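These are the structures, in structure tokens.
One chain, chain A, links the two complexes that follow: it is found with chain B in the first and with chain C in the second.
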Partner chain A sequence: MLSNSNGITGGRTLPEGEALLSVRGLKKVYHTDGGDIEAVRDLTFDLGRGELVCLVGPSGSGKTTLLKCIAGLLSATSGEVLLDGEKVTGPPKKMAVVFQEYGRSLFPWLRVADNVELPLKNAGVPKAERKKLVEDALDAVGLSHVPRSYPWQLSGGMQQRVAIARAVAYQPEVLLMDEPFAAVDAQTRADLEDLIRNVWKKLGVTVLFVTHDIDESIYLGERVIILSSSPTVVQEDIVIDLPAERDQLETRSLPRFTELRHHVYAEIQKAKQGHRPEEAKTTFLTNPK
Partner chain B sequence: MKTLKSLLYILALPVLLILWWILATAGGASFFVPTPADLVKTFIDTWIGERMFTDVLPSIRRLLIGVVGAIILGVLLGLLVGLNRTARAITEPVFEFFRALPPPVLIPVLMLLVGINDGMKVAVIISGAIWPVLLNTIEGVRAIDPVQNETSRSYGISGFARIRYQILPSAMPTIMAGIRQCLSIGLILMVISEMFASSSGLGFAIVQFQRSFAVPEMWSGIVVLGLIGVIMSFIFQWIERRVLRWYNGLKEVENAV
Partner chain C sequence: MSTVTTTPARGKGARRKTTKAKVPNAVWGLIGILVFLGIWELLPALGIVKAEYLPPASEVLVTLAKDFTLTAFWLAVGETMLAWFIGLLVAVLLALVLGLVIGMSSFLRRATNSTIEFLRPIPSVALIPLAVLLFGTKIESSLMLIIYACFWQVLIQVLYGVADVDNVAMQTARSYGFSPFQRIRDVIFPTMLPYLMTGIRLGAAVALILAITAELIIGSPGLGKEIQLAQSGGAIAGMYALIVATGLLGVLINLGMRLIEKRILSWHVSVRGENIA
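Our next item is the complex of A and B:
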């Protein structure tokens, strides 16, 4: 089927010391009154410095759970997340998160520039430096003309840009994005996708982008991790060998784009039907953490 | 034109009421209801002068201390309780009990405990006016958006900074609604507290006028109370418009969609 030598089952791992972000045997079980719910069973993969990786999976595959565990907002039931070799126990300073619900993530009582500035102010960054970081970040997302507006005066797409600017200004090493464009219209979405590619190239930040949109994951990513359905394991980890310069029309009409899209689509369909990669099954059976 | 129109809205009803009052008292006033002209004269004679310093200002001072005290205590306690699920569960029934007590019944007790002084009167005002602020703060803090919480956490905004930049602003619309109630309760309790074992203040003066059948003077005292209420309400609205500008704008946008 797919002629991609890098297409491997299970998540790709890097030799020790090379990974910026490592997820090892991550498992998350929610204890509810109605019994335990295993959202994530066993996830292992690495992100190298400067990578842009998309995580795609069927709905309900624990994508958000995984992201929150990585962000230090949820504690894993077992397994661990390592950032730069250090175990993540709470939200690390080197990470910034962009949430899907931009309208609720931005503080409506603060103006655009103040929203972007708040994390820096809280971190004790000197005023002059803060001002420059805020200006640069707003400039990078194309919002330098509305610093005095309130977020709710802006369109949905612009609000999500503010949230991205806030994350960028925080100067994270890892940028986590949880379906950030799920709630904006298709045209805005295309603009925002290009914006993310630009920001990523310009700043050299490592990006983990969670989405349920297959096209988006291929268009954006240098690598796509496909998750199985719940309880979640890594179904496949593929390299997206498209040209580095991406264009909404050109790239999306490349034969290779279509091939990759077919492949990922088929994998997600398999995942939905309950298919599980052999390796993950055996890993789980032989190594029940 | 627009200011003229809003001025007309504000003045129309008061003017009508006064006209009606003039007509009703035109054929010789009743002993119990003075004519408007009499009342204006009595008002000036009674309140512009010594009584301003012996009764009006001390009352306003006690009212301010009581209300500001109730707001500060209410918000602080509300934050403390609202941020802690266990504290909420423990205090809720107790708060409901104390809130149900009409503060005037506490006056004799407070007289014994605090003494017959300004402190007692301020304590009465606080004991009644704190509840709407306290309960609304708890409610406002409890209803905070989980996404906002996660945002604060992921950006390392915690402790005092989180209260200042996230929790207080987010709870402010609910807190302001509580403060609005707190003001009117404060005014009522100011008067009532001065009716017991008192030698000065508006409540004391009005009761004295009543007992000495100084009817126009009594009415003029009631007018003073009304004026204080109106001025407080205007000041409150002015502050609220500024503090909640974002909230009102947000609601307008949401309703327009």
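Our next item is the complex of A and C:
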């Protein structure tokens, strides 16, 4: 079921045709006045259709760079990103990105519903359909009561919900999220995590969720890809074998959750100390039960 | 903990202060005007200034009130405002288009920077001889001076505005596949709008100054020309009345601009005030 091409440093790959999103040998070097900075060295992994995958790594491990390359916002130095078999050269139509900085990503001159509607309008979606999509999306994130408000009249968590609604209404096949909850308080964060799980289940969208929070990655993901420190490679790619129904209290108090947490934490500590994987590893931690 | 307890108290205090200050502000303003008019009235009456150089305020205001009933006065106001409006409009449109084009290309920004910095400080009135050579005493003379002066005011603001476009907002637009035109319309233009409005407000004041200047010196039709005529005809009170009229025009233009700004930029930090959330 899981294949791992011999000798290629990287995460789990799927047989040709099965992957929705493929990252192959991705490398990104920034050319600056102070010399070249190699942010991402060599990344290879696949996302199957309908997966929810979390990417964790120590800070400065090039997570955002990777995400921007996948989103077509940055061009890779070498290697490639394939969406549905097609090479990504610019922002693809089937993708939506939710940024960490919701306050800057939402347009302050537009009301909530108009913010959600704008990408649809610019994509040429007919008006009646737009209205329905916007209503459904706002409903899905629990914001159907504030369509006429401006984003800056809402709390941080609500603003990020608007950004998520905008992405949901766009009906992407792949939803990329760049540390979307890093700037909200802990309680809001828990709510938003459950919201993402719900949206993912309801819409069957493929989600790649970047975070630096180990607990969050395990709680949310069906799979966690751990990145090494910069220059970045895949350190480990693990399957999260927790029950599909996740609950903030129960899931987090499962012994299995604690084990996974320990494991990922240890890997990240190793990454921070400069440990580099010798070759690709796809690990199933043996479930003691 | 201390912030939790002090914040609401401070908020209340600040609100009380502003409501307290708001009512007296208008009253104080009125008192200020009355004191000013009183001093003006007294200066010639006490013989400190000769009444032939500075007629008392009452006489000037009565003349002004009479002017309000004259068609010729309103025609002059109309001429001045026409030059003001056309000049400002042309300057804003030119500056908007050029500012967007230059501002969006780092090459053009660098290439034009020194030229702009050289042309911008040239006082528009230095162009009066040229304007007279080209257009004589027609309204075009006024327009040339107004457009030149306002253009730079607005252009600089538009350039600042385009440079202020948020990186994340732009990446959001790109990730949702906005076309270049959609990016300009939906991201760059709204970001730039507050800057543009500032430029227009500054330009509107400058345009009035130059409209009056051109009329005074070149003799193109309008209030400025009437002031010059009144002065040479010895109608000193009439001259002062017209000067007060130009001042009133300036106040009205500024109020109008602020009102428009408030309407258009209700979403902007400068208008909406403190963040509610």
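Going forward, the second predicted complex is superposed on the first by the 269 of 289 C-alpha atoms of A that agree within 3 Å, B and C clash if a C-alpha of one lies under 4 Å from a C-alpha of the other, contacts with A are read in each partner's own complex, and residues count from 1 in each chain.
Keep this in mind: contacts are C-beta pairs under 8 Å (C-beta built on N, C-alpha and C of every residue); 3 or more make two chains touch, one makes a residue touch a chain.
Worth saying up front: this structure is predicted, and the values here are computed from it rather than measured.
Bringing the complexes onto one copy of chain A puts chain B in a clash with chain C. In the overlay built on the shared chain, the residue A:91 is in contact with chain B and with chain C. Looking at the shared chain after the overlay, A:123 reaches both chain B and chain C. Of the two partner chains placed around the shared chain by superposition, chain B and chain C are both touched by A:73.
Contact with both chain B and chain C is seen for A:99 once the two complexes are overlaid on the shared chain. Look at A:109: by the touch rule set out above, it reaches both chain B and chain C. Of the two partner chains, chain B and chain C are each touched by A:150.
In the superposition on chain A, A:170 contacts both chain B and chain C.
With the contact threshold set out at the top, residues 68, 71-73, 90-91, 93, 95-97, 99, 101, 104-105, 107-110, 118-119, 122-123, 150, 152-153, 170 of chain A are in contact with chain B in one structure and with chain C in the other. For chain C in complex with chain A, the residues that touch the partner chain are 166-169, 171-172, 174-179, 182, 186-187, 190, 193, 267-268, 272, 275-277. Note for the complex: chain A touches chain C at residues 68, 71-73, 90-91, 93, 95-97, 99, 101, 104-105, 107-110, 118-119, 122-123, 150, 152-156, 170.
Remark: chain B residues 145, 147-148, 150-151, 153-157, 161, 165-166, 169-170, 172, 246-247, 249-250, 253-254 touch chain A in the complex.
Of all residues in chain A, only 68, 71-73, 90-91, 93, 95-97, 99, 101, 104-105, 107-110, 118-119, 122-123, 150, 152-153, 166, 170 touch chain B in the complex they form.
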